[in-house]
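Labels A, B, C and D are assigned to the chains in the order they are written; within every chain, residues are numbered from 1.
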């Protein structure tokens, strides 16, 4: 099968959905003429024009509320927030407005907006340009959250998100933009709410998000050499969370490591761990470990590595369990 | 000892700290002439004047950033955000700016600002005026979070927060304003980071926040009649979290219920549960249960009760464990 | 006179519906029938009636928390009462309350957060423009709320993209306990408009015909892609919500209140209608009686509707339009 | 001439320090020594030098991401280079980078989020006023960032509370790929000021003496509690950051760039200084040489400093001022 990058897959998803449905369009800072600040929207402006690939002023909160308003009116806007970190400015709009309109209208309104953003570290870009922010939005009913890992998934999930009638926070990881993977030419979607078993195994379950999936694959190789068989699960979406797939793996292995790049305290690892304990307690043979960033702001430059989790942390956590 | 209300205790804490340190002052919407929209700041304007009890325009984000700037300049502002829900508008300022300046300055700057807000349900005030929002801010390094339950604690913790040199998010529960309790005349503080054993017991540990502490006390009475002995712990602050007190209770009982008013998914119950599992796995005799709001926006009016947790839910959860 | 007899009578009816409706709310609050907070616009009716009477049926309204006059004139009375009483047969199954909305009636929801309405309205207006619809959005906004960053971002973008929207700032001189003088140093909020390259005007919000004429023009311009800001100056007679004793108002403020009450927009309009022989006192009485009757009937009707049950409340189809199952853990 | 020879020479030095410093950054980026992104103000120096030369030592600067000219003239060169190189002996232990700050030097931090600097600066100015200090805060802000809600909220509050602050909007006509015409429909950003009851002026930002004179006056007024907005119009010669090929600029834009480069603020100022016999070519050469030498020395010095170790990075005392122990779980 052809191999394309995460960035290309993302781009294709938007292009295909825009071709298919004239109500779909893209807006955000520098998404148009420039083709995105990391080149990930290149070609869309040329194909769809300034009315459907809209360069906006710098106004995250206003724009996210605008997207809600557009969606309410029947449009399916994809709003790009340039860095995940800036979602803090749009927190109310993304978390507290869009997701509540439907319920507060007694089910009359719907808000099919997608809030895309590039999150994560790996560029040494310091505390306000490097964060993974999914956990900020986990306690807000009405929202859905996707955290795609592979080119295949980013394409399929984004298409699903665009077609979904609810607001979806769609967090891409910027360190993955260049990663290549198999993506079919044919149309497909990846439904929201279905986890992926990245690799089967029997001794320990690793539930990993985004670039920690890649670290986990490396860790698994190393562990396998020592005879430890690891199963890796990528939830792909956090709301809804595919508890079936997670629970059945936990029931098999009885041992769990959860790995994400956001800080450990308050990260989604807590929710996933609690959920497993609540539902699979009898199967657990060891404490659930979390591998995550330290609870400090992300340092600038090279020292970033002292803060963020990597393969070695995963290997260590797994070894502590077996 | 004299009994005063939560609102009065809160008020006294501010008055005392303002008398003690001229750098302390209060600002926010309607905190001055009106004495707070729920009367909780009455008398402060009269005593300290318009320069230290400042009625502001309606601008949560700007104000929270302003408080950061003031704090950096050596002031100790207490900024009131009228409803906890509106902290979404100030999310960036409270979570992503104030807490990071110190680290990003290499330890040169400090930001001793207190962001006070009244959160929670009980008034039937619907999805955007009733939320408990502590979990929104749990994944942000550099911030401290207090969630006082009693008149004694709200006073002692607020005084500690004002004297703390870091930004503190101080979330009062509005349904507790009228609750009375013992508060000494003499000066005292309640240090951040020390949980309180509300009630000792031996069969099950309930870790509860704010008004769920009161529900837990009621539940404990009922359970005691059936011979179930319950220990209740109020963490009082979430960052730092007093793991010692929690862990030693868990080691004693081996059974845990965590209760908070915010929605279950993504609530701080997840973090606390994961933390316990990680550290006290050997002691756990049963799954950790979470009692919390449903994952729906809070309904308007009377039906609010179908969404929020109460004593009965706690009783039920405990019984499932023993 | 610029307006036909029919139009003038209509405005009278709309003003009186607003006033009588809110007076009824006061009664209902007093007797304990209404849960929650009710923010009355008594004394400010000319602003919103000037606006709604200028709007086409296909134009959209974005209200605030103090928009009964506009909203009650766009909605069906009984379904609106149901909503305020939290009943399941309300426009929003009793879940909307003061945040009531109705797509059919082109009333969009009032967010619980001040200032949010402005960008929401801009988004809606933008969608209308994309669809080449001829509709305009009229976005209400308080003087206090105009300090919010969202309003700035919204106005700038509306002007930049030439969207069909009118920002109607209802300056009632108060934001809860905070007088206008403590909200901003500018004398006229309409001056903000120039900072975005839009037109802005400040008008007497207690004269319904002035508001109407201004809104006629602003809406017509908006329809052609020229958004603008209209600041209508009025006064909040009562407390922030019904039941607020407004003790934060000092003696000078009280004098202002009295002045404002003398300057009642409805009284003024009535006098004009009588003087110009548009209506007789008997006509008016008949209108008023009819309105009161309708309101009372609607309340009786609304009271028959049940509160939402637990099942209707915990309804994931009302939370998610694409319900992917479970409680979306 | 309004300014003394000494003052004029100082401005020349400041302009040249800015230019030569940034040219050195280009070299360092090219050779791969500098991590991260560097936003150059080459061609815009007159704006910030006009401002910093007008500031007292006790006045505070709130920079943005494109503020090397202002910042390099307030900081010690070697400690600044350390910071940009991410070394532990930098102003902020290498943790600040382009967000460098120094309380001693009265340079406040530039947030990673656009627009945040405005309310931060307002808060600082308010604290200064409370303490009855005589200092003023000069808050830099880009044309693009001025669309942010935080800027609106900040300006309104500054004007309302009569705070000692000048908002200096550096309009370089671009925000990354977005030209000014796509950010707002207003022609002059200074028109925003009137919406808050403040004074606002738009000036030629390529003429350092115009900026200086305007800032002299604005700062003097701010010191008396009259905040204002100064928009200085200039042009961004280069890409958004060093290395950005700026392919989003079309042929017309390129022409604008060329025009702007012809209109170099330093060249202009030099010509004036020569013509008015303030400096000779030899004087200038000596100044330039001296600056270059200092920069090179500073780089050598900075390179001797180590990167932060793991322990220095994971330092909870640098996270919390009241460190309550552990990792504050």
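Here are a few things to note about the model shown:
Rule of thumb we're sticking to: a contact is a pair of C-beta atoms (placed from the backbone, for glycine too) under 8 Å apart; a residue touches a chain by one contact, two chains touch by 3 or more.
This one's a predicted model, so the numbers in the text were calculated from it and none came from an experiment.
The chains in contact with chain B and with chain D alike are A, C. When every chain is reduced to the mean of its CA atoms, the largest separation from chain C belongs to D. Distance between chain A and chain D, defined via averaged C-alpha coordinates, is recorded as 36 Å. For this pair, chain A with chain B, the centres built from the Cα atoms lie 30 Å apart. Between the CA-based centres of chain A and chain C the separation comes to 40 Å, rounded to the whole angstrom. Contacts with at least two other chains are made by residues 94-96, 99, 111, 113, 147-150, 152-153, 156-157, 160, 182-184, 319, 328-329 of chain D.
Under the contact definition stated at the top, the residues of chain A that touch 2 or more other chains are 56-57, 59, 61-62, 85-86, 88-89, 92, 96, 103-104, 126-128, 141-142, 239, 265, 275, 294-297, 299-300. Viewed as a network of touching protein chains, the structure reduces to a complete graph with every chain in contact with every other. Contact residues on chain A toward chain D in their complex (touch as defined above): 29-30, 32-35, 37, 55-62, 85-86, 88-89, 123-129, 265, 294-297, 299-303, 306-307. Chain contact summary for the complex, chain D toward chain A: residues 35-37, 86, 94-97, 99, 111-115, 144-145, 147-150, 175-178, 182-184, 247-248, 307-308, 310, 312-314, 316, 319, 327-329. By the touch rule above, chain C contacts chain A in their complex via residues 90-96, 99, 101-103, 108-109, 111, 113, 116, 118-128, 130-131, 149-150, 152-154, 156-157, 160, 315, 317-322, 324-326, 328-329.
Residue ranges of chain A in contact with chain C, taken from their complex: 25, 51, 56-57, 59, 61-75, 77, 92-93, 96-97, 101-112, 141-142, 144, 164-166, 191-193, 239-241, 243, 275.
Within the complex formed with chain C, the chain D residues making contact are 147-153, 156-157, 159-160, 162, 182-187, 189, 191-198.
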